[in-house]
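Just so it is clear, A, B and C label the chains in written order, and each chain counts residues from 1 on its own.
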Amino acid sequence: MNERKKMAIIVHSGTMDKLYPVFMLASSGSAMDLEVHLFFTFWGLNALKRGGLDGAKLPGLMSLGTGMMKGRIRDAKVPPLTELLRMCREMGNLKIYACSTTMELMNVKEEELIPEVDDIVGATVFLDIALDADVQLFI
Amino acid sequence: MNERKKMAIIVHSGTMDKLYPVFMLASSGSAMDLEVHLFFTFWGLNALKRGGLDGAKLPGLMSLGTGMMKGRIRDAKVPPLTELLRMCREMGNLKIYACSTTMELMNVKEEELIPEVDDIVGATVFLDIALDADVQLFI
Amino acid sequence: MNERKKMAIIVHSGTMDKLYPVFMLASSGSAMDLEVHLFFTFWGLNALKRGGLDGAKLPGLMSLGTGMMKGRIRDAKVPPLTELLRMCREMGNLKIYACSTTMELMNVKEEELIPEVDDIVGATVFLDIALDADVQLFI
């Protein structure tokens, strides 16, 4: 009866500085054999569009420094976001949800999303998962 | 002895893109019969001033796109923030707190707040509620 | 066997408006006899560099208003961040962690950090603490 611990993250941000913690936590959690549930909503939904993770920038005026930050990330041997996603996927306990309301709001079609998306759900479905989780974060 | 599950959200942001998730989560939680506790602090306090919810904008330079976003929200049939608040209120398990320290800091008087505010409390009181909650978020 | 309740905060932001809630929650938590664990990552790491807390500004264009906000904070008799940190430290149940990956990324050396830092750890170590915490927040 050794149930897996669970982490639920609401990913509201679409900027690179926030997506890195999301996927660093997700990959750490997967390596620790947690169930990891990521719900991408509002700006976060952009990260689930094809090319979205690679195109994420630093916020506001700092966006000009995105290339330099990517260089530092590479130098520190931190994998790119798409690679972190792939690693999480291979470890196998990650679920990725796109927020249905945001898809309507931003007029995003299902075929625009990356194939790693497991499901398109509303806030109620995700909240139900979060209620049972050991860690919940809004990023 | 079936105790209600509880969600506690610290609302630090006052921008429209963050207030929507707050009230979408609050209304989903209310519909799921959770106790929902919202603590408005720092920029978030503006949302509790009369006209504050209607006046909330997108952050930074994106504030110019606020009207367009409101149009999309309307088209997607998502209710305005004030209507979401009213809906939560009618479902009845929502408590709204204004942060007492922020009120001093921003020089906000009690009579400037909307009548939906249940109480003006400090961080310690809210933290005590959060310790018992099943979901805690900082937005 | 009355175990202390625990709060774990991931401090991702380095701006003054976010660092205040971090240290207000930390000092409230310490006063309530909680164990408080703060993990400083990404922009948050700047707050752990010598002079970092005093140098923190409001975000983006609002940074111009930092001095005015500091004046209001002083008028409201809220202690400066460095004083809040000292108060937490004296109450004694606070642990401060610097994110090891961020240190590499931002090229920060251990000797640049304030002496209040207890340890330099990775996300996995902190996640393990957070899994056991009663309150977890990402700020």
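To be clear about the criterion, contacts are C-beta pairs under 8 Å (C-beta built on N, C-alpha and C of every residue); 3 or more make two chains touch, one makes a residue touch a chain.
None of these values were measured; they are calculated from a predicted model.
In a homomeric contact, the two copies may use the same or different surfaces; for chain A and chain B, under half of the interface residue numbers are shared, pointing to different surfaces. Overlaying the C-alpha trace of chain A on that of chain C calls for a turn of 120°, given as a multiple of 5. Rounded to whole angstrom units, the spacing between the C-alpha centres of chain A and chain B is 24.
Looking at chain A, one finds that residues 60, 136-138 touch two or more other chains. Chain B contributes residues 5, 7, 17-18, 20-21, 24-25, 28-29, 31-32, 34, 60-61, 72-73, 76, 78, 134-139 to its touches with chain A in the complex. Listed in rising order, the residues of chain C touching chain A in the complex are 10, 12, 41-43, 60, 101, 104-107, 122-124, 127-128, 130-131, 133, 136-138.
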